[in-house]
Amino acid sequence: MAFHWRWDFTWDILPQLAMGALNTLLAAVLGYLIAMVIGLGFALLQRTGIWTLNRLVREVVEFIRSTPLVLQIFFVFYVGPQFGLTLMPWTAGMIAIGLHYASYLSEVYRGALDAIPRGQWEACRALNLSPQRTYAGVILPQAVPAALPGMGNYLIGIFKDTPMLSVIGVAELMHTANAIGGNNYRYLEPYTLVGLIFLLISLPAAFGIRRFESWVRRALGMGRGH
Amino acid sequence: MSYLEFLEEFGARYLDGSLITLIQAVCSSILAIAIAATMGLMRLSHLWGVRAIATCYVEFFRGTSLLVQLYWIYYVLPLFGVPLDNFTAGILGVGMNLGAYGAELVRGGIQSVPRGQYEAAIALNMSPIGRMRRVIMPQAILNMLPPWGTLLIELLKGTALVSLISVADLMFEAKQINGSTYLSAQAFGTALVIYYIMARLIITPLMRWSETLLSRRMGRA
Amino acid sequence: MTVAIDKDAAAAPAPTAGQPMVRFEKVTKRYGNLVVLDQLDLDVAPNEIVSIIGPSGSGKTTVLRMLMTLEEINDGVIYVDGEPLTHMQRGGKLMRADQRHLRRLRANIGMVFQHFNLFPHMTALGNCIEAPVHVLGMPKAEAVQRAEELLEMVGLKDKMHQHPSRLSGGQQQRVAIARALAMRPKVLLFDEVTSALDPEVIGEVLNVIRDLATQHSLTMLMVTHQMGFAKEISHRVCFFYEGKIAEQGPPGELFGNPQNERTRQFLSAVLDAG
């Protein structure tokens, strides 16, 4: 088998790969939404002031962050049936990738909240603002722009990690390419196209996210971004 | 089967797998550091062409995913007459991918050294190489260590993907054991704990230790 | 008052006549549309001590930074000891200086910075022997001995094994002076060396510079906000305004009887504030 690019084969498989790419995008967005919510939970649970709870959540976050996502995907998918609970590949995949990125995002949230100077909290106290006003009017408008770069990185990160979902049979891009390759005994075109599709999506996405960040900073009147 | 019996039966295989994972991690770390240093410095070159090559490398490897790169290296590269065994392909894939992220850390670390340090080195008439080696790098490396700690943990996690090109690493063993016993919680849970131990009890302390060592040598500790 | 100052100034070795040590010839520096230095002409004689004063943004610091080759010039020529600094002769043609030429001419010049810029990963001694050993190729023992003498001269021999982070601002700046001297420059540039210091330690740094001025033959260019000090040790003071030398002369004349309206305004503003 020598290097020989077949265009007819390329055109044949492109529609299937496009479908796979759509599923990849869907998985990334769904996973990210889950991660955003659970991540916020992780971050807030670490600010309760209850020492044991803070410590426990911290350890859970550290554990999830320091172990491989692909292993977590297997774990979530296979452990259910052992105890009589069968999860669909999509469900298991979303739980695993959502939890994994929740642990990353909780760190981003935490960092953004910690970066707000003490004086801001003290000024709110001095002005006798309600907790709601403190968060909505003062803290979040400063924390959100601080969190955006990290959040943007992880949005692209989750997109690039979705190929791991193929290991439990989620029909995303990588899985589609594997199937095509196996059926036709040709890997050159499908794998190369997968790489190109990833580049074509992630590079403009990275650019767009940076634009979005500086737009938010401008909209909040915090200078011209960078 | 109790968990103790499980460990008794499969412990040796977990050890074998861990060893392979560690070898993969060490080898790809070395490759990643070498690539990061080269590409990071190239990204700071004043020659447009040199900068462009490094930027392409970094954007390419950060723009696609590690798994895609691994499959491509293992299944497609041989078509170009570069046959690779899975072990080498794993090291190459992980090292080249994480090297691209590392290049950004190197660039950031060098740029974090204040301008005044370059200027003082020029005022002392040091050569461009001398400035980099004696003044900028020692400070950049210390600044870089904490993010490199995080990156090396990412690298360790990345090595789990080499199991998908059949390298018999920790992840691979866990999958095999799961397949033969259906004790998924034990099979995958044990592997998760071992990865956690490697990250928290080997990489993190090692990085902390080198940080203390370096900062003490610089009179900062 | 002027009498005492002139007496002090006379204690410094007098400038030598003949070829200037540093010469700026129609030197222009622009940042985009902003002209920082406008066709500057300035000669500094060997062993002369010149202070540069003026409002911020008048291009004072740029003069020193161009001389140290930290900034490129847009037009004109700078000569150091008779040789063009940023250009060189090659085959009868004048071309941009290469790294070798720059390093040869830079060897004549040393600089002390506003923010010290000591190397934080080296001790005080390490800072002072780094360049002698690695640039001049001096044997380490000799470099150490010389560095010790210099650190003793600036009163910091007991601190020589400390890292900069353990030293006060004044001490760091004195180490920086010793470090610059270790390279035996003919010209020493001082760029607002007391501006980043707490008021109570300014004196110890000025004392070191005063000793240098009176006991060594060294050409010095000094950008400073310390008018009293400039008055005391300089042979000549240049008042910069909008990229030009608006007025220059012996300190007694410039401070005692300024001719230019801008100089008068500037001096009365700083003296009032001081």
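By letter and in written order, the chains are A, B and C; residue numbering begins at 1 in each of them.
Criterion: a contact is a pair of C-beta atoms (placed from the backbone, for glycine too) under 8 Å apart; a residue touches a chain by one contact, two chains touch by 3 or more.
The structure displayed is predicted, hence computed values, not measured ones.
Q: By CA centroid distance, what chain is farthest from chain C?
A: The chain farthest from chain C, judged by C-alpha centres, is A.
Q: Find me the chain with the mean Cα position closest to the mean of all the protein Cα atoms on display.
A: Per-chain C-alpha centroids ranked by distance to the global centroid put B first.
Q: Between A-B and B-C, which chain pair shares more contacting C-beta pairs?
A: A-B
Q: Roughly how many whole angstrom separate the Cα centroids of chain A and chain C?
A: From the centre of chain A to the centre of chain C is 55 Å.
Q: Could you tell me the distance, in whole angstrom, between the mean C-alpha positions of chain A and chain B?
A: 21
Q: Which whole number of Å gives the spacing of the CA centres of chain B and chain C?
A: Centre-to-centre distance between chain B and chain C: 47 Å.
Q: Going by the touch rule set out above, which residues of chain B reach two or more other chains?
A: Chain B, residues with two or more chain partners: not present.
Q: Okay, in this complex, where on chain A does chain B touch?
A: 1-3, 62-63, 65-72, 74-75, 78-79, 81-83, 160-164, 166-167, 174, 177-178, 181, 187-188, 191-192, 194-195, 198-199, 202-203, 206
Q: What part of chain B is in contact with chain C in the complex they form?
A: 114, 116-117, 119-120, 122-128, 130, 134-135, 138-139, 142, 217-220
Q: Show me the residue ranges of chain C that touch chain B in the complex, using the header's touch definition.
A: Spelled out, the residues of chain C in touch with chain B are 68-70, 99, 103, 106-107, 109-111, 113, 115, 117-121, 123, 130-131, 134-135, 162-166, 179-180, 183.
Q: Within the complex, which stretch of chain B touches chain A?
A: Touching chain A from chain B are residues 59-60, 62-69, 71-72, 75-76, 79-81, 153, 156-161, 163-164, 171, 174-175, 178, 182-185, 187-189, 191-192, 195-196, 199-200.
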